[in-house]
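Next, two complexes with chain A in common: one pairs it with chain B, the other with chain C.
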Partner chain A sequence: MPSRRRTLLKVIILGDSGVGKTSLMNQYVNKKFSNQYKATIGADFLTKEVQFEDRLFTLQIWDTAGQERFQSLGVAFYRGADCCVLVYDVNSMKSFDNLNNWREEFLIQASPSDPENFPFVVLGNKVDVDGGNSRVVSEKKARAWCASKGNIPYFETSAKEGINVEEAFQCIAKNALKSGEEEEIYLPDTIDVGTSSQPRSTGCEC
Partner chain B sequence: MIAGGIEDEEKWLAAGIAGLQQNAFYMHRALDSNNLRDALKYSAQMLSELRTSKLSPHKYYELYMRAFDELRKLEMFFKEEARRGCSIIDLYELVQHAGNILPRLYLLCTVGSVYIKSKEAPAKDVLKDLVEMCRGIQHPVRGLFLRSYLSQVSRDKLPDIGSEYEGDADTVVDAVEFVLQNFTEMNKLWVRMQHQGPARDKEKREKERSELRDLVGKNLHVLSQIEGVDLDMYKDTVLPRVLEQVVNCKDEIAQFYLMDCIIQVFPDEYHLQTLEILLGACPQLQPSVDIKTVLSRLMERLSNYAASSTEVLPEFLQVEAFSKLNNAIGKVIEAQVDMPIFGAVTLYSSLLKFTLHVHPDRLDYADQVLGACVKKLSSRGKLDDSKATKQIVALLSAPLEKYNDIVTALKLSNYPRVMEYLDIETNKIMATVIIQSIMKNNTRISTADKVEALFELMKGLIKDLDGAEEEVDEDDFKEEQNSVARLIQMLYNDDLEEMFQIISTVKKHVMTGGPKRLPFTVPPLVFSSLKLVRRLQGSQEQEENPFGDEGSTSPKKIFQLLNQTIEALSIVPAPELALRLFLQCAEAANDCDLEPVAYEFFTQAYILYEEEVSDSKAQVTALHLVIGTLQRMHVFGVENRDTLTHKATGYSAKLLKKPDQCRAVYGCAHLFWVEDQDNLKDGERVLICLKRALRIANAAQQMSNAARGNTGSVSLFIEILNKYLYFFEKGNPQITVATIQGLIELITTEMQSDNSTPDPAADAFLASTLRYIQFQKQKGGAIGEKYEPIKA
Partner chain C sequence: MNKTGAEDLGDFYPIRPECQADTPKPRFKPRAGKTLSERRWNAAFSEDGHLNIEKVLRRIQRGGVHPSIKGSVWEFLLGCFDPNSTYDERNQLRQHRREQYSRWKAECQYMVPVIGSGKLITTPIITDHGQPVIDYSITDDKGQQVNSSFSDKRSIQWMLALPQIGLDVVRTDRALSFYESEKNQAKLWDILAVYAWVDNDISYVQGMNDICSPMIILLENEADAFWCFEHAMRRLRENFRSSASSMGVQTQLSTLSQVIKIVDPKLHQHLEDVDGGEYLFAFRMLMVLFRREFSFADALYLWELMWAMEYNPNIFSLYEKPIAESDKSAAPMLNNKLLKQCGKFERKKVKTGCKDQESALAVFLVASVLEAKNKRILKEAKGLDDVVQILNDITGNMDARKVCKEALKIYKKYLSKFWNAVVSSLSTLADSDLDLSFTANKYSVRMEGNVIAAALEKIEHVKSPEGEVLTMPFLDLCKTVLPVLDNFGPAMAPAKSDIGGNISRLENMYLSNQSEFNHLYMIVRSEIESKKAKSSSSCTNALLWLTRAMDFLSELFCNLLAHPDWSMSHVALKLAPDRKKFMSVVGVKGDDVSDMEKFSGRFSPLLEENHKFLASVGMDNLKA
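And then the complex of A and B:
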């Protein structure tokens, strides 16, 4: 059924502080970039309408605080995510090493029904910095890690220059859509027989 | 009680979720059948679950997120309704019929967001209406979540610059106004929470408040993201309004957290340009607020910013960032009398890092910071607080990390004064850090003054300080002393005079080290001095007597110093080490043609041998060193040489074990036959030594036969045979074919006799010796002729 739910795709962006999560979201949604570093507090989302295979979807993109001390309420917003984007800075080995922690933390907290096949996308951001001279994580290394985690799609991006951002989010949307995550089916204890037919009736009764 | 509380909470949450899901189910059905009335009815019932007061913020957040997700569906339905021609204004009116205020306001915010999107009314009016209406909820948790919902749904509909909601009447000012107002209300709710409920629940309340903090702080994040909040607006409106709230709320938790938020969410350029305003707020905060962490984080941020690009440095200079921060820190430390010492040191440490990054050329600034730190420390005496000492190490390491050069740090007059306040352990840690920095960067410490300052700094490693605990880990001690030894080897100057001064300075310090350190520190000092002796030799050969005058460096002077240095080892005592070093010096004196000096060193070595070296194995080793060294000496006249040789042979005969005696005695044979010196070829005395060795070998064999009948000593004979062959080949006329022949026969008989046990090693040794003879024969020429008569 083309339920109302499937037109909304929820995406969570995770990664260390300062890797450019907010900038990637802003570049994608608003086509804007600022060089200034501004920490994110709590969780914040922006939405964007995307056209995919002749259908219109709303991407709900959650940007999160990379610094733990600005995540005081926990991560209840992970619930119902359709895709998780892991971001690191190609100029920081530590941010790359931490991808594993972010991935595992997400799988534990969001507990998707099929963790093996839950869609992740990895973005290696800031490829523009210093013309690539200060880069410390090679593309090969990043791709090897992605391959070892079940062939996670990988993109090298620059939020500043807008490199690959559109492509990456296209892929994110596609994977979110393919995600097997269905909302838990709820059946009420008592059914009001007075109203219309089956509890699971669909839009085709008109 | 507590466990029960958590369990109950789980139950309440489960009940809340169940209620929410059931109503959401009916809401979905209503949405699917486009039944607006039912959709509103069930969504209001669903939202009633958020009226609970029984959940902690964490659990409430879970429930809220579920409602939040459901409301997105409702929002989409509203959009479709609007598209189908339903008046959004009517919808806005309609949802206000919900019976309870909390569901009513959630629905209102949801419709409001669609309302703004429809552009049927100016965004600012709708936002203003919503933010006012939310005043209806005064319960802190419910109010904070409701307002955070408002903040989230309006997030992309603010009329900031470039936004589609920006209009003639709607400007970024309205956007800022809306967020500031929401922030103010939320902060009030949050702070008020502290004063609600019984005093005994204070701790629990503080925990809950802490969980809720991000809801308030997020408004600042939203402000920082608004397009069009330029420096002027930040300086004139945003920062003063936010700080006003922060200062006036007089709440410790809120003040600390919000100051941290301001520093983190707004860009560095803004902080630099508004430093005065930001720092000005600090003294107005509650005395219990942890200002040192706030300021440290600010300086850390600015330091990183300065380090990011040299292009930004002029900004720092233009606003005189250093003096402003320096002043602010001084005021804070002065005002907060109860601030623990580690807090003050943390602040100085952050400020020092800041100035090192921003003003690498201003050593006076760095020294000023250290000076202020000394002043603060001077009121306390030595530090014993581990947190504070850790900070001091960070403080003192910062200049090393920045300049990669201790020499620069040594220019800071207050640097050693800060070190004075370290306890012994920390002084050692710091000294090790300094040495590591020198090693890593290959720093050249090239004057005696610098060496003096450096050793003064690391005196914790150089000598026992007052009150030092005796319990030091053996391995740690070795490691730290080895690093001192490496350091000594690294001190160098091309100028010979200065180098001598360096060595004298090192000696002065090293001599205070006491018996445990001297064995580590004396050898490198000795070898470093000997290197200088060699360099002096080299330069003397080039120029004629440049060290004629009394005052300047000469090998003699260095040897004097070395004699005293090595003598110091007697207090350890370390006679074997001292003996080795004396011999090294003797050889060096030999190379300088200083006979009396060389003789003196030998005498010193002999005295040690006679009086201090008592272990028999140590005696054997020492004696072979003596013989080897003496053999190489060419500086001695006949008389001196005779005396020393005589002594050495005498010692050899007095060794404890016969085989050791035998080997030492045949070793002494070399003392009478030196290849490159014609006046030192005394064949007769060589033969006397070898014969004596033979007699001892005989005696040894008889002893072992008597004891057990084994033949440990046959290999001694083969060794002696080899010596005979050596001197025979070198042309000693006293060694004849007959003596060699006799010795070979003696050995062969001995090995074939009945009471000998087989000894494969001796067999092999003999076989290869005979093979050698055979080989020499086959060479032909003079050598072959010489060997020809020997029958093997």
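And then the complex of A and C:
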């Protein structure tokens, strides 16, 4: 039986409006920052080829609108996600407080088969602003929240300066890949006897 | 001006030098002899200021509006002013509106002093509970950006929206040199903030900034720009309304789905397979009216084409009337002269003054874009992502005028196919291809009183003592039952205006000679004599299609009666899943269906009589 390997990995980015989702995606995919990006209406995506060991994957990154009013549209876009990225702005307490809502909303709407182990990654963005002086959410506080939700990997980024963006998306891609492969186990015709998938470890070792 | 008669646009909406490379080049060019020029615009006014709108519309629909006059032309297209008014009257109205805007702005300023200061805010100024947030970066007095703590819900809601407006303003059309200036950004912020205060029902939703931005560039005076935006919002605001489970624009998306289902069933089926038929890939196009798919200048061109095509000479008076008066039946009737002052789309959208927004031209524009990409979608799209990708590829590559022309064609095709589908569904309602979902909650509010009782009362007077069908009483009866269609949601909206069009066509004929056309069939006889009956714009045709539409309703009533156990009826289920709700909106109380029985028993023989008569003169099988 020929093995049908998944080569498309779907990632979805959620978080309050203005935290920098679109900027992060563009920094990762196009390696640039621009202040001409417009507010996202509905949802849009970019793709990027990534390589793991000797396999090539297409990372499909969905960027969604942040205003609460658009949340009802979520379902259609969340469907089939392999990893969910939660973004907040380290200079905005409200955007951090809302991470919980975004996470829960995602789990309800996307209803992944194994919600306990569905991979999230949290990004605290805009660490560059004002040399860090206007920061209101401490790294400690953010890490504590991530730990309490099953050791979600956490990164502090700046889409503007390109800080930690590559690293964060490496981790995102890796997690998406693992979760993608686990899914395959449930589909009999896609079992690849060659690769036994290991249970996902909780921390991020990327 | 060069040889082709085209001018360069670069000077009108300059792009920042560093953004030139990333910004799509505009395709629109003002063309001599096609585009409405400043000279022609000025010449279209009479001495005291009456505007010949018919002439102007013809130009705009051919080649858009020259950038030098866009602002003042838009004010008319959007219904801010009545073409049938004098300079003096308009100046007065303008003055009045400017004062009104100042008052509203002052109210806002009183609560939040940043408004009108040339600055804007992007971070919260109050907590969700209305407590002021202290901003230590503000050095004056207490570091507070609001004048006190607020407890009323409206003020709190409004202040919570302000940072979102700010976040979006700094991301609006940044490639344009115009928005390099902080003052201009603040102007956009002020207008959106005042709008959110005044229209607290909608407040602010992302995307409204894209709609508002051009107005500020085109109209120098801030209050004028506000009113232009406010009028554009009258057409668009339902799209921005949101509830916990949906966004208003989804109503238009479901109309779109209905349209594609009828004009291109194969494409619809395919889209249903890839995204469950929600048509979410068209969300952005409808929400910000193609601002993201077209360059700045082309979007403006597209908008004026659309608004010209949708133009209705009654728009001003409909807007100006206080809500209570603007009852639909009171909307001024369109006679032939007024009809000529309608845009191409509006004229088709027929002559009722029916203002359903679900079947706006924008929906058909999206349909035409989809049709243009039909082959690629069918061949390549395996998921929602592929459709989004294919549609993203059109950015900057479309010709606004072509899209509009195709949209009109699709609209025509839709109307004729729709009615064929309705007629064929009469016999086989159960397998009808029309999925008319019942949305009583939203629509029932429009229906007043007891439709069935009123119809029953009217049907008594339809015939003369000699047994002839009387024109006006018959049309009146049709008008009475017409609102029942409102219960079938957006799908029926175009149908409804089509029926309304047939009614008014017959009505106009009657009014042209009341004694001769007192009897309904005399209209047909006279058209046969003058050999006009077979034309698609004939009254004979109107009567036939009106009768067929009424057949549909009559069939529906029979069905409701025949299946007291609603779940037994496939048709009923398809049409209106909740029988009880449906019955209550048509005015049946409890289980008392006797009125409906009586009405139904008389209505269908009456329609049968129309068919028999039309058949007897060989007119019962005309095409739409």
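Rule of thumb we're sticking to: the second predicted complex is superposed on the first by the 165 of 206 C-alpha atoms of A that agree within 3 Å, B and C clash if a C-alpha of one lies under 4 Å from a C-alpha of the other, contacts with A are read in each partner's own complex, and residues count from 1 in each chain.
Here is the rule we go by: a residue touches a chain if its C-beta (ideal position, glycine included) is under 8 Å from a C-beta of that chain, and two chains touch if they have at least 3 such contacts.
This is a predicted model, so every value here is computed, not measured.
Touch criterion not met for A:Pro153: it reaches neither chain B nor chain C.
Look at A:Gly42: by the touch rule set out above, it reaches both chain B and chain C. Of the two partner chains placed by superposition, chain B and chain C are both touched by A:Ala76. Legend: residue contacts after superposition of the two complexes on their common chain; A:Gln67 is shown touching both chain B and chain C.
In the superposition on chain A, A:Thr7 contacts chain B only, with no contact to chain C. Contacts of A:Gly162 after superposition: neither chain B nor chain C is touched.
In the superposed model, A:Lys94 makes contact with chain C only, not with chain B.
Number of chain A residues touched is higher for B, counting chain B against chain C. Touching of chain A by both chain B and chain C, each in its own complex, is seen for residues 34, 36-42, 44-45, 60, 65, 67, 69-70, 72-73, 76-77. Interface of chain A with chain C (complex): residues 17-18, 34-42, 44-45, 60, 65, 67, 69-70, 72-73, 76-77, 92, 94.
Within the complex formed with chain A, the residues of chain B that make contact are 21-22, 24-26, 28-29, 31-33, 57-58, 61-62, 64-66, 69, 72-73, 76-77, 152, 155-156, 162, 210-215, 217-218, 220-222, 224-225, 227, 260-261, 264-269. If you check the complex, the residues on chain A that touch chain B are 4-5, 7-8, 22, 26, 29-30, 32, 34, 36-42, 44-47, 58, 60, 65, 67, 69-74, 76-77, 79-80, 186-189, 192, 195-196, 199, 201-203, 205. Put simply, chain C touches chain A in their complex at residues 19, 22, 122-124, 164, 167-168, 170-172, 174-175, 205-207, 209-210, 242-247, 275-276, 278, 280, 283-284, 287-288, 292, 384-385, 388, 392.
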